[in-house]
């Protein structure tokens, strides 16, 4: 596995090249932010700027979302494996054109510090890539210890309590939504008033409802990248529900999101012999 | 001018299908049914093979569509007395038996039934259950009215009792009703009179009459049915104990040379397999033995179903011959049988089910004879093999089991086919509009424009006599309803469905300017059309009426909990009123269409369909890729009844080529297909000179046929003395059979019924038998042996099998694991096989080896399926919309299917199916406009992000993304209003009219309006 | 004016007494998931008060809660007694200036006074807290504010180690602190002088005209670049002490409902969307422009002072590190080159 | 929890099978508890999981969804798509701590009137066993008059 600095070098080299030869007009990557250690999305359109690109242990944002700002423009994007799956999902939903984008795919992603999703990550090589950086690895998990959060051992009451505590402090700033590549609806259900899916009052009943509804939209589309959790200013465990959806899709329907750009979404297909887990006898 | 009516005799699935198809073609129909309700035998079935579809679920909507069709007049409890006149000009005399109930008044509430003191055996439930002297033929009877059984009614027989009348709020009981005779003028008649199952003496040797625990399969069907007398519980009739070990005896009464039912009943193998599978679902540890002669799983998808059962633990197929059936003191049935090696096997069973066959009912056979319709020796209507729907009497057609044993899809195919033939007579004999009552009340009203009005809801709560009011406190509910938001008016009505009630609604709409109507009464499934019409009469758009069900789903099921039922009724009304607030004016849009038809494939199927449509007067394009018409039939010698095909084919080709409405494009291939129902655009290219032709049409019939398997098994294509059955026929036809040939061996199932092709090619057995007979009759000394796995000469073809054996054809069974081995031996072919009884290996030399090669799908099916957006099944044959009830339709409207493209079948069956396809196509073409559904999906393009998920889930190809406009678009002609696209749309850009998210959320919000969440909080501050 | 002096213990004792007659709201260190966050809450246990650093959320939610029922009392918090006045304890200069900004909008303009806000504010007594040192991302001094003391609070705390100096500027509040010993004016002055000297000045410096000249800058191309990485979430506005945009909505059903007011955010895509479907700020550059212009152009134009107090919360809380200081620098550069040139010409 | 708790369950039935089964239960006079409030939908394929979450949001003590048996769908395969959604929703809700007894998914064919009554009986029993739904906030629901219907868990 290559380290962050090596990957950074490779990214810079490729970015410089493809900007120079006009393969793309813009490279979307990570740069250093204004706060100590903080990373920020960086948009480079001149080859000289390529040296500003970095990839380090804090590069947590899901850059895929920015592709939506450059529909029909030639752009390259630095994609962690999770982001590459997001890109595949965009392609399968025909939100972006394959010809418009170049993917600088990080192979053998060393993971992001503080991102609990990385501890559960099982796809560590970019699944779509025009320019590989890093080197592919076959090992499944990182060396990091799995975080102690075993929901299965909790009773429904305990889980309910846990999520109430979490969602109670949600201010509905929608940072989780906006940080998530999945959420690109022109009008989110939170904004709809015909019908009013969600009351605008920031109360626990509505907050909880919001997170459940959002999780339902993530079902079969979330790549479990953890961007939502890291975006939350209140430190809410936003990812838990989405991760549950992610794991359920894998366990019950043997479905993995974004592995192929032609994949149909989980809820748009069926098998006659699908599980009926949880149905009444 | 209106079309002259057609009469359909029999209200089973075949009759219902024929009547609906005719009505869809714009032809008025008289539907005559002798029992008190529509549905026939199919209504008695629990599940259907090979999909295990629930019979009621798929049948009920079809019946109600038919019954509610404005061009169908249904006469139940009615029989045909006489049929005078000639084709195009019949006078039919019908006699309506007295029901002693006024059909217009009866609401089907069943109060009378509860109070009737007389109990009798229930005919619908095969006498397993009891019913009252006043009864409903079945719970979901259409029409939903009761009937009095005059034989048992005390009032009618003895003049005492009268409890039913006393308990009828509507005074619908009339003990003085007399039989009513009526003359109907019709252009043609369709016999769809169905069948009787074998019973009584036919199956007496199986102990049916002596032992309680020996029952017929139709009786067993009622045991399995969730709505049957045991509620789907399998028990022994003798003591009601659970049955665990069950025997199914196939061919009970069928294929018996000693009886007059010496034919195969075609369906018993399959329904026995179905019953065994369903039984296993009911009783996990059941042990089921199926005793059979041959398993005849010859239909589409049947072989897989059979294999599935065979693979199920606890379902055992036994090719044993029954020696004796006895019972012991515990009423267990002991069956002794002989296995393949002639060992005697004994087994004890809790229950024995006789797979009884189908025969025409005696009365119907008699009637047909009386009406000068020829019947065959078994009593079925005598029809020609290649004109299978026409009886001997001109203008009289037949469909369903009345022409021979067959399963449901084939009956449906025949029904549609008969409909178009009978319909042709109606087209030729138009009558003046004024003569026909039904056609006259079709005038359309302008609806009041209500979109700019304040919502003013009128709530009408029905008492339904005491049915609702006896449980629900209707006056208080009505009072409270007045207080609901947007409710302008609320009223209690004794019988809302009566004409008074309906008029009242209209009156109030005008009086109070109501613009939304809530009807709280019975189920919308039966009464929504009625109340919509009532609202329509007052000039209000019918979709502004919302029904809620406070009878079937409230007062009837909570009779002891009056207060709670009242509360529930009020909640439901509250919900309906809330929904009503947000409903909109909806319209069924008229869509222009092109009245031409495309038929793809110029074989017998394609020609038959094309000719039929052209004869109705529609312009038809027949497209064939080869240089000549006729397809595979050009090679055929005999039809299944052993008559030459050539004459028939020549006649057909001549008619096709001379019809002025029919344009034939031979030697043309299809470049592209665009469009949808009513508006198809085809681009054809001549194979000769690449010249293209562009054509427009409204419907497409796929009749692309199939092909013979290409294989190298058994030296096929490697030795000139190894040929296929089709090659043999060609040889025989041209008299080219070598005189030196003294010995012929035929091998069946070459490539069929094995891995990769898990289906039976259906026609090969009969074809081989026919060819063998043909040869034997001409060269009696010639040796013929047929190596087979199972002889599947289903239906009346069984007779051929018998005849072949009589003529000395050797039938030798082989197992799939032990196929014959074929080697070259000089000029001869050496065939080695295992003798099934002695198990000896026998090697014999034969002069000619004839292979029954499997019928396989055309390679071009893939391309065509994509172009027409219709699916293929796993064997690459085209997949119809519903294997049981829509065998010639595709899920995509306007595209139909016939012949071998659908699956293996013989020429006669292809002809019937082609008529059916023509019939369904004509239903589209004969309409002035295409009408969309009112409740269809709509897309809000402002919200749509064009992700295409809706497109993925639409079974009807009715929604597609327009990538130029970056939004999904609904083709309202194709949309069926299921709402699948709505629920997968994350952006809520798709809405289903009539069931919008807003409406459902409003409804929910009203239902739970007494529960208000504690949202009043807090300054964003929570202190834990 | 009155000066009092006390140690930590007597302050707590005092507050404990005041608790009987007042609601006390103060910064508290809360453990939220993995994060430790300092927020203003109504408190019961006075030991929870945490003044060691700038709170991560502003006291805006005490005076102007995120959502509140119209015609009902502001807070549904169980520790809040609507009958009592509220002491808002330990508010730093930036947040005091922010409350002043909101007051300007909701109270000072007599034509458009928000009565419920005014009622709430009338019940609030702000107790200021002098900053000892610069916090991570704040820059109030660069905008001309004084981190050590704001004039807008009637009572001010100056803490040196365990010692509290309390400056009571208005007579009516003097009685609250009467139980404490009097403090020495000169002692406090020395402390302030020392603090002013030691207070390391901001690295960030900005030189832009206030109000920003709308006509020069509105159509400038800088907004696109500035907002490129913006996600359009509402974090910056929700945690901003001065953002006061709000919206109304109903809660309930046809049978029973309540009218609510809650915060809105100009970063949301639906902000300023018209019923017709038209939205004048339909892209994030326009929305971000509105945020900057509101703070540095429109507010200064309509009222006195700035719309931004330089607390730096939007910087530390932004999920993509979109830094308002960079935006201002970009503006400055633009005005000095293009904008400035235009002005001269 | 008091024994006289009468839950109110939002029941979504497809028109073609389960609504017909409910009608059949009616015409057969099979009695079942009056705790369900039926919302008719054309097909279970129409069932947006949001509607079910919304039902809880608005105070339903439980939900019941019933459609045609797999294979019986009037619209060919709507129920098969629905099945996946329900499994996902069910897993999600249970994970979030909503008790499984409140979530009732099943199939009922048009001929299964008896089964429909059984299903309702069972669903009501299940919901009763876990007591009144307290809302996602656990604060219970207020009746219109402002009195708290249910107590804290």
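Assorted remarks:
Residue numbering begins at 1 within each chain, and the chains themselves are lettered A, B, C and D in the order written.
Keep this in mind: contacts are C-beta pairs under 8 Å (C-beta built on N, C-alpha and C of every residue); 3 or more make two chains touch, one makes a residue touch a chain.
These figures come from a predicted structure and were not determined experimentally.
The interface holding more C-beta pairs in contact, when A-B is weighed against B-D, is B-D. Here the chain at the heart of the structure, going by C-alpha means, is D. Farthest from chain B, judged by the mean position of CA atoms in each chain, is C. If each chain is reduced to the centroid of its CA atoms, chain C and chain D end up 48 Å from each other.
Centroid to centroid, with C-alpha atoms defining each point, chain B and chain D lie 32 Å apart. Taking the mean of the C-alpha atoms as each chain's centre, chain B and chain C sit 73 Å apart. Residue positions of chain B touching 2 or more other chains, listed in rising order: 942, 953, 984, 997, 1000-1002, 1005, 1009, 1012-1015, 1017-1018, 1020, 1022. Residues of chain D in contact with two or more other chains: 49-50, 54, 57, 71, 77, 81, 85, 135, 137, 139, 144. Chain C has residues 66-67, 251, 255-256, 260 in contact with two or more other chains.
Contact residues on chain B toward chain D in their complex (touch as defined above): 46, 51-58, 60-61, 108, 110, 114, 136, 139-140, 225-227, 231-232, 523-525, 549, 551-554, 556-561, 564-565, 567-568, 571-572, 575, 881-882, 891, 935, 953, 955-956, 976-980, 982-984, 992, 995, 997, 1000-1001, 1003-1005, 1007-1014.
Contact residues of chain D toward chain B in the complex are 6, 8, 10, 15-17, 19-20, 22-34, 37-43, 45-51, 54-55, 57-60, 68-69, 71-72, 74-78, 81-82, 85, 109-115, 117, 135, 137, 139-144, 149. Put simply, chain A touches chain D in their complex at residues 151, 156-164, 167, 189, 197, 203-209, 212-213, 215-216, 219-220, 241, 244-245, 248-249, 252-253, 266-268, 270, 272, 274-280. Residues 942-949, 952-953, 961, 963, 984, 986-989, 997-998, 1000-1002, 1013-1015, 1017-1018, 1020, 1022, 1024 of chain B are the ones touching chain A in the complex. Across the complex, chain B meets chain C through its residues 485-486, 578, 581, 942, 1002, 1005-1006, 1009, 1012, 1015-1023.
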